[in-house]
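We call the chains A, B, C, D and E, going by the order they appear; numbering starts again at 1 in every chain.
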Amino acid sequence: MARQVTLNRRLINTGVAWAFGILIFFPIFWTILTSFKTEAEAISLSPSLFDFDWTLENYQEVNSRSNYPRYFMNSVIIAVGSTLLGLIIAVPAAWSMAFVPSKKTRGILLWMLSTKMLPPVGVLIPIYLIFRDWGMLDSRTGLVIVLTMVNLPIIVWMLFTYFREIPGEILEAARMDGAGLKSEILYVLTPMALPGIASTLLLNVILAWNEAFWTLVLTTTKAAPLTQFIASYSSPEGLFYAKLSAASTMAIAPVLILGWFSQKQLVRGLTFGAVK
Amino acid sequence: ETLTIATVNNGDMVRMQKLSGEFTKANPDIDLEWVTLEENALRQKVTTDIATKGGQFDIMTIGTYEVPIWAKQGWLLELDGLPDDYDTDDILPGIRGGLSMDDKLFAAPFYGESSMVMYRKDLMEKAGMEMPEDPTWEFIGKAARAMTDKDAGTYGVCLRGKAGWGENMAFLTATANSFGARWFDMDWKAQFDTQQWADTLNFYVDLMNDAGPPGASSNGFNENLTLFQNGQCGMWIDATVAASFVTNPDDSKVADQVGFALAPDNGLGKRGNWLWAWSLAIPAGTEKAESAKKFVAWATSKQYLELVASNEGWANVPPGTRKSLYENPEYQKVPFAAMTLKSIEAADPTNPTVDEVPYVGVQFVAIPEFQGIATSVGQQFAAALAGQVSVEDALKSAQALTTRAMSKAGYPK
Amino acid sequence: MGSITLKQVVKRFDETVVIPPLDLTIEDGEFVVFVGPSGCGKSTLLRLIAGLEDVTEGVIEIDGVNATDLPPAKRGLAMVFQSYALYPHMSVRKNIAFPLKMAGMDQAAIDAKVNYAASTLNLADYIDRRPGQLSGGQRQRVAIGRAIVREPSAFLFDEPLSNLDAALRGNMRLEITELHQTLATTMVYVTHDQVEAMTMADKIVVLRAGYIEQVGSPLDLYREPANVFVAGFIGSPAMNLITGKNAEDHGATTIGVRPEHFSLSHESGQWSGVVGVSEHLGSDTFLRVNVEGIGYLTARADGEFPARHGDTVYLTPDPERIHRFDEAGLRIR
Amino acid sequence: MGSITLKQVVKRFDETVVIPPLDLTIEDGEFVVFVGPSGCGKSTLLRLIAGLEDVTEGVIEIDGVNATDLPPAKRGLAMVFQSYALYPHMSVRKNIAFPLKMAGMDQAAIDAKVNYAASTLNLADYIDRRPGQLSGGQRQRVAIGRAIVREPSAFLFDEPLSNLDAALRGNMRLEITELHQTLATTMVYVTHDQVEAMTMADKIVVLRAGYIEQVGSPLDLYREPANVFVAGFIGSPAMNLITGKNAEDHGATTIGVRPEHFSLSHESGQWSGVVGVSEHLGSDTFLRVNVEGIGYLTARADGEFPARHGDTVYLTPDPERIHRFDEAGLRIR
Amino acid sequence: MSTTHSRTAGKAMLSPAVILLFLWMIVPLAMTLYFSFLHYNLLTPGTSFAGIANYQYFLTDPAFFEALGNTLAIVGGVLIITVVGGTLLALLLDQPMFGQGIVRLLFIAPFFVMPTVTALVWKNMFMNPTNGLFAWLANTLGATPIDFLGHHPLASIIMIVSWQWLPFATLILLTAMQSLDSEQIEAAEMDGASAVSRFFHIIVPHLARAGTVVILIQTIFLLSIFAEILVTTNGGPGYASTNIPYLVYMQSLLQFDVGGGSAGGIVAVVLANIVAIFLMRMVGKNLDL
C-alpha cells in the first residue's frame, strides 16, 4: 500500500474532495454571507458572491430585537447541564454494563435505545401536564431534566462502548490496590476513559443545543434557548433573508465552532464501538 | 412585576416591542418579557397554555377566531374598567363585535385588517386596462392574464397557496363567500360537493396556473409580500396591512406604483374580503390582571397610535381599529387608508355568506374544530394547486374529511 | 508471613465446575508455580486466592485467618497481571504510589517508599514517564514495583512475562527470581512456560481440569512424574510415551523415555528407526525417528550428530531413566 | 520454478535508506530465511519482492524475468502475513477460494482446488466457519491454504508464527517444513525466532540495518559465523564473547565460546568462577558463572549437574570450538 | 470481577439510569394510553370515554397510510442516500490528498446545524422557486426553476435531511475505512483482486459494523423527523410530505384533539417498536454488544 502515489493522482483527489466539501458546506457559507448583505441584496434575483456592500446592520437589528445573550446563556446552561447530569447517571450505568455484565445487559441496552424511537409528539400533552403540575414549565431545571432523559440512552451507549475497551484487569488491579468502588471509578476508570467521556460530552452538548421540540414546547421566556430565538425569526411578515441569516448564524456559530474544534474526538466517539 | 407577553413576529408587533420602553418608563414597577413567535407556533403555545391552565402568559396576542371560542370557555378576562380616555366606543364596530361576547369586550384590537386588491398601476397601464374601485373576479382573471410575462418574471396575480387555515383557507373561504359557497349548511353538513365550491376552486387553480408565480402552493402572505415588493406580481389580493409594506420605499421596489381596490365579487352581493384583528387578551386567572390591563390599554390606545405616528410616520400606524384614526386628516393622506376602511366595513362576520349559515366568521368558522379541519382541507387545495390532484378529487377529499371530522366532533350539536 | 491454605475449595461458573474440591497449602516464603494446559483453571485459582472471584464452596485461609469473604484489598496480597494493568493516565511514580494513597498513607511516607522501590527496580530514570512511554520490560517492572510497595504477605503473578519477547523474558525471569531471594515473600506464579516453571519454582502445582495432578519441586516432577499426564507435560521436548509390547517388557502399561535420555548411534542399539525430520539447532539436534512397532520417537543428539531425512539410526534408552506407568496412568515405583 | 534475484536493490523511505544496494539470489525450490534484529529491513525486503513496495533503485527478477514494475498480483507469488490477513467476513472456504475467484476460475475447478487444499491442511472440519471462530493455528493454516491454491512460484512468509503460542509454533513449524518438502516450491521466510531459522532454512540471510551480514546454511552460520554480529546473533543462549587478555592469547581481538562448548567440573579446569544463577531445566542446566577477569559467562551443563548459587565451578572451553575475531569483528580463519 | 459484591454494586449502579428511563417512558406513555380512550379536546372542556373511537378515526384516516408510507420513504430514502453517498465520499476522503483536515471540517459542518435553521435556510434561500439559489441557477442555465416544495415535497425533505446526515455517515464510514488492516488489502492485492473487487469484497464487508451503527442512529432520529417538515412544507401539499409524527402533531397541536393525538401517539409508538425490533435484530447480529 505504501507505494508511491503520483502527484497527479493526489492533485485529482484533492480537487474532487474539495469540490464536494465546498458543495456540502455551501449552504452554511451562503447563510453566513447573506447575513452581511442588506435585505435587498439578500433577495436579489441575481445573487452575488462577494461583490456587495458588507453590512452589520442585520446583527444590530437582531440584537436590538431580542436578548441574544440570554438565549445563548440558556442554551449553554441547558446543553451543558443536561450533559453533565446525564454523565452522572450514565457513568455508573455504563460501568455496570461494561464490567459486571449479566445476561440482561444487552437487552437493557437495546431497550434504552429503543426508548429513543418513541416520537415525542406522542407524549407531549402528558409531559406538559406533569410539568405544569410540578411548576417546571419555562424552567431551566425542567429542560435539563427532559434533555437528560432524551439523550441518556445515547450517553450510556457511548460510554459503554468506551468502557468496554478498557481492560477489566486494570480495575481489578485497582481493587487489589485497595480502591473502593468510588475510587475505582473516580481515579482509574474516569481518567482512562477521558477521551471517550469528552466525546460523549461533546456529542450531547451538540444534540441538546439543537433539540428543537421540547425546548420550544416547554419554555417561554426565562428558560428559552436559541431554538426559541430562531423560531421568532422563522416566518415574520416578509422574507427577511438577511436578518434570518444573521439570526441563524448567531444560533449555530457557537456549536459549529465547538464541533470544529473537537471534530476528531467527536467522530471517533460517534462510532459507538463500530470501529475497533 | 413582570408581564410575560406572547406576540406574533409581524412588523407591527415587533414595533410595539421596541416602543414598549415608553410604557415601562411610565410604569417603572412593571417589567416586560416578550415571547415573539411565528403565528402558528404562537397559536399552539398560547392555546396549549390556556387550555391546560399553564399560566405562563399574562398577555396573549390572539385573533378574532380564538376570542369568541375562548371567551365562551371563560378563559379570558373581561376587559372592563379600562381608563376613561381609552374610549371603547371608538373601536370600529365590526372589529369590536368580533371581540365581544354578550357585549362584553374580551380582547383589545391591536390592529385590524380586511383584504383588498393591491395592484401595479404601471403594469395595468401597460396591459391597457384600468382597475375599477370594485372589480369583479372576471375582471381580475382577465387582467391577471394580460399582465403576465413569465419570461420577464412578472406574474399577473399572486395569491395565497400555502396550506393552512390562516393561509390559503383564509383567502379561499373569503373568495368562496363571494362565489356563493359556504362551509356548512344549517345542519352542519359540509358543502364541498356543491357547484359553488367547484367554481371557486376551478377559478382559483386555473387563474394561478395561467397567471401565478411558480411554487404558488408554498406561498403564504410572506412569500407573496416579497414577490410583490420585488416587482414580480401584477396584483395581489391579501391583507390590508400589507399596503403599508408595499408602499414603503425602503423595502419595496414598486412603492410608488401601487394602487388599491376592493376585493372582487361575483355580483352575488358578497365580496371576497375577510375580517381579522390581532388583539391582546388577558387569560383568566392571571395574578397580574391590573398591570396586564394597563399594558393592553396602552398598546391599543389612541396615544399609542400617535406615538407610532410621531416616531415612524402615519403610514406605519397599526390600522383598522379606531374610527378616530380614519377621521384624522393626517391619516387620510395615507394612500391606502380609505380603501382599508371601506374593506373592513364591507365584511360582516355575523352574516358572511350568500346563503344562511349556522356559524360566525368571514374567512373562518368560529368552532374549535375549524383549525384542524381547515388546515387539512387547505392541504388538499394546495395539492390541487400544485397539480398533484385534480380539483374534483381535492374537493371530494375535502368533503370526506370534513364530514368525518365533524361527525367525530359530534355535530350537529 | 504469607501462608495460604485452600480447603475443599470449589468454583462453579453457573453449572460448569471449573475447580472441583481442591486442597492446597502454600508455605510462607515459598515460590509456587501453577502450570497446566490452557483452560485448566490456573487463573481462576489465582483469582480465587486474590478475592477477585467468589469461591462457591470451601475456605481460603491466609496466614491462618479465614479470608474467604474478605474483599481483595483486605487480603494483604498483591497481584501482577499479564497485561501489567498499569494505570495509563498516571506517571510511574503515581502508579506505584496508588495503593499507598488508597491506604491513606501520608505523602512523605509514600514518597519514601516509592523512591525506595524505584531504585530497587531500576525505575528511577523514568519515574515521571507514563506507562505508554515505557518498553515492555520496564512496564513489567513498574507493575512489580506497584506490588512491592504494599509489602504484601504474598505476591500473585498471572503469566506476567507472556507478553514479552524471548530475550526480555529471560532477563525478567532472573529479576523476579532475585526479587524472591531478596524479599523472601511468598509468590504464587501462573505460567504455561516450561522454562519459567522449572527455573523459578520451589514447588510446582500441575493442574488439569481443575484437579491437582502433582505437587513437587521442579526436579522431582522431572525425575519422578506421578502419572502419564505430568510426565508428558513437564519437560521439553515432551517425554516419549510408549505402550504395547515394549512397555509390557518393563512390566508396565506405558513406559516413558525423555528425548535426552536416548543414546544414539548409526551402527547399533536397542531400537532402530528411520529419521523423519531432523532439526539441527547447532547446539543440539532433535530427531523424529520412526521406529518400527512403536511409532515416532523424539530424540536429542548433540549438535554435531550427522543425521538426515531417511537415515537409519539406533536408539538406546538409558535403562535407569525409563519411567513406568500402570494402566491407570500412575507411576509404578 | 521460482528463482528470485535482487540486483543492486535500494529502498529509501523519503530520505532514510532502509535497504542500501543489496544483491541476493534465491534459487528455485530453496527455503530461505531472513533473520536480523527488529527494524533491520526484513519485512521491507520481503515486501519489495512481493511488489507491495516499490524499489527505489535496482532490479528484481523472478524466474529470470524482470519483475521490478509488475504489480503484486502479476508476480506469481503468494504471501502469508503475520496477522494472517484473513477476510473476516468470509468463511474458510471463501477465503481460500478468493484468489481463484479473482483469477476468474470456474466454480467446479475452484471447489476441487479448495477441497484439496483443505484436506491437505486438515481444514476440512471447519471449512464453513469464519476466521473469528478459529484458533490461531487454524487461522494460520487457512492463510497458508489461501496461498497454496494459487500454486505460486514462491511463497513469502512474514513472521507467520509469531502470534502463536510455543507448542503450536512447534507444530506449525513442522507443518511448514513438510509442506516445503511436499511442494518443493521456493519459500522466503522472515522470522526473528532462532529455532525457526535454524530448523527450517536451507539458507539463512542475516541482515543488519539493511546490509547482508552473512548468507549460508544454518550449520555454517553456527559453526563459522563470519563476524561478531552473526556469532552473537545465531545460537541460543548466545555465544560468550570474550575480549582482553584471554582473547589476545588466541591471537584475536575477540574470542567466542558457545555455552554448550564448555566442559564443567567442580574440581578443576581452565577458568574458575562463582555460580550466579543456575537454571535447572531437567534436561539441561544453565549456569551464569562470574569468572574473574572475564565477567559473566553462560555455560550449559547436563540436567544432573549439581550447582547452586555461590558454588565455585571450573570451565574449560573446547579448544576446537573457540571462534576468533579480529579488531574489525571479522572471523579469523 | 464477578464477586457477589461487585454484582450487587453493578445492579445498584445501573438502576438509577434504568429506573429514570423507565419512568420517563412509562408515565407519559400510560397517560397517553389513558387519554387515547377519551374524547378529550383541549378547546372543549370536559372529557368522556370514547372507547376505540380515537383509534378508529386515526387508523381509517386516509392520511394515515400516506403518512406511514412517507415515514418509511423518508427513513429509507435518507438511509440509502447517506449510506451509499457516505461510503463513496469516505472512499474519496480516504485517498491521499492535500488539506484533508480542512475538507473534513467542511464535510462535518452540516451535522452541527440546528434542524430548524437547516430547514429555513434550504426552504428560503435555496428551494424557493422564485428567489432561491436553485431558481437563479435554473434561470441562468435557461431552464424553468423547479418548484421543489410544491411538486417534489417528499424528495425535497429527503434531500434536506440527507444533507444534514451525510456528514455523519461519511465520517463514521471514513473512520471505519481507516481502521481496515492494511495487510488485508495487501493480501487481496496479492490474491489478484482489482481495485473494484477490493472495494466490494474487502472494504464494503469491513464497513458492515460501522454501517449498522449509522443505520441505527439515523433511524432513531429519522423516525421522528418533524421540525424539517413543519418549517418547509407543513406536511403538504395534500399529505404528500406528512409523516406519522407530523400527523400526530396535527392532531394534538392543530386540532388540539388530545384523544385523537394520543391514539396516534400510541400507534406511532407501536410502529416505532416494530421498526425497533427489526433494527435491534440487525444490530444484535452485527455489533457484538
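Definition applied: a residue touches a chain if its C-beta (ideal position, glycine included) is under 8 Å from a C-beta of that chain, and two chains touch if they have at least 3 such contacts.
This structure is a prediction, so every number in the text was calculated from the model and none was measured.
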**Number of hops, subunit B to subunit D, where each hop joins two touching chains** = 2
**Minimum number of chain-to-chain touching steps separating subunit B from subunit E** = 1
**Item:** Interface ranked first by C-beta contact pairs
**Value:** A-E
**Fill in**
subunit C and subunit E have mean C-alpha positions lying a whole-number Å distance apart equal to 56
**Message:** Can you compute the centre-to-centre distance for subunit A and subunit D, using the mean CA position of each chain? Integer Å is fine.
**Reply:** 54
**Fill in**
subunit A to subunit B, mean C-alpha position gap in Å, rounds to 39
**Request:** Measure off the straight-line distance from the CA centroid of subunit A to the CA centroid of subunit E, and report it in whole Å.
**Result:** 16
**Complete:** Residues of subunit B that touch two or more other chains sit at 48, 52, 153, 223, 226, 230
**Request:** Please set out, as single numbers or ranges, the residues of subunit D touching at least two other chains.
**Result:** 52
**Request:** Give me the residues of subunit A that touch two or more other chains.
**Result:** 1, 43, 45, 125, 129, 172, 231, 233-234, 239
**Prompt:** For the complex, which residues does subunit D have touching subunit E?
**Reply:** 50, 52, 71-73, 77-79, 81-83, 85-90, 98-99, 102-103, 146, 150
**subunit B - residues contacting subunit E, complex** = 44, 47-48, 51-52, 69, 73, 153, 161-164, 213-218, 223, 226-227, 230, 232, 368-369, 371-373, 375-376, 378-380, 382-383, 385-389, 394, 397, 400-401, 404-405, 408-409
**Fill in**
subunit D partner, complex, touching residues on subunit C are 166, 174, 177, 181, 192-195, 198-199, 218-219, 222-223, 234-236, 258-260, 277, 279-284, 300, 303, 309
**Message:** For a test of understanding, state which residues of subunit E touch subunit D in their complex under the given definition.
**Reply:** 181, 183-184, 186-194, 197, 201-202, 205-206, 208
**Message:** Considering only the defined contacts, which subunit A positions touch subunit B in the complex?
**Reply:** 39-40, 43, 45, 64-66, 125, 128-129, 132, 137-138, 216-217, 220-222, 224, 228, 231-239
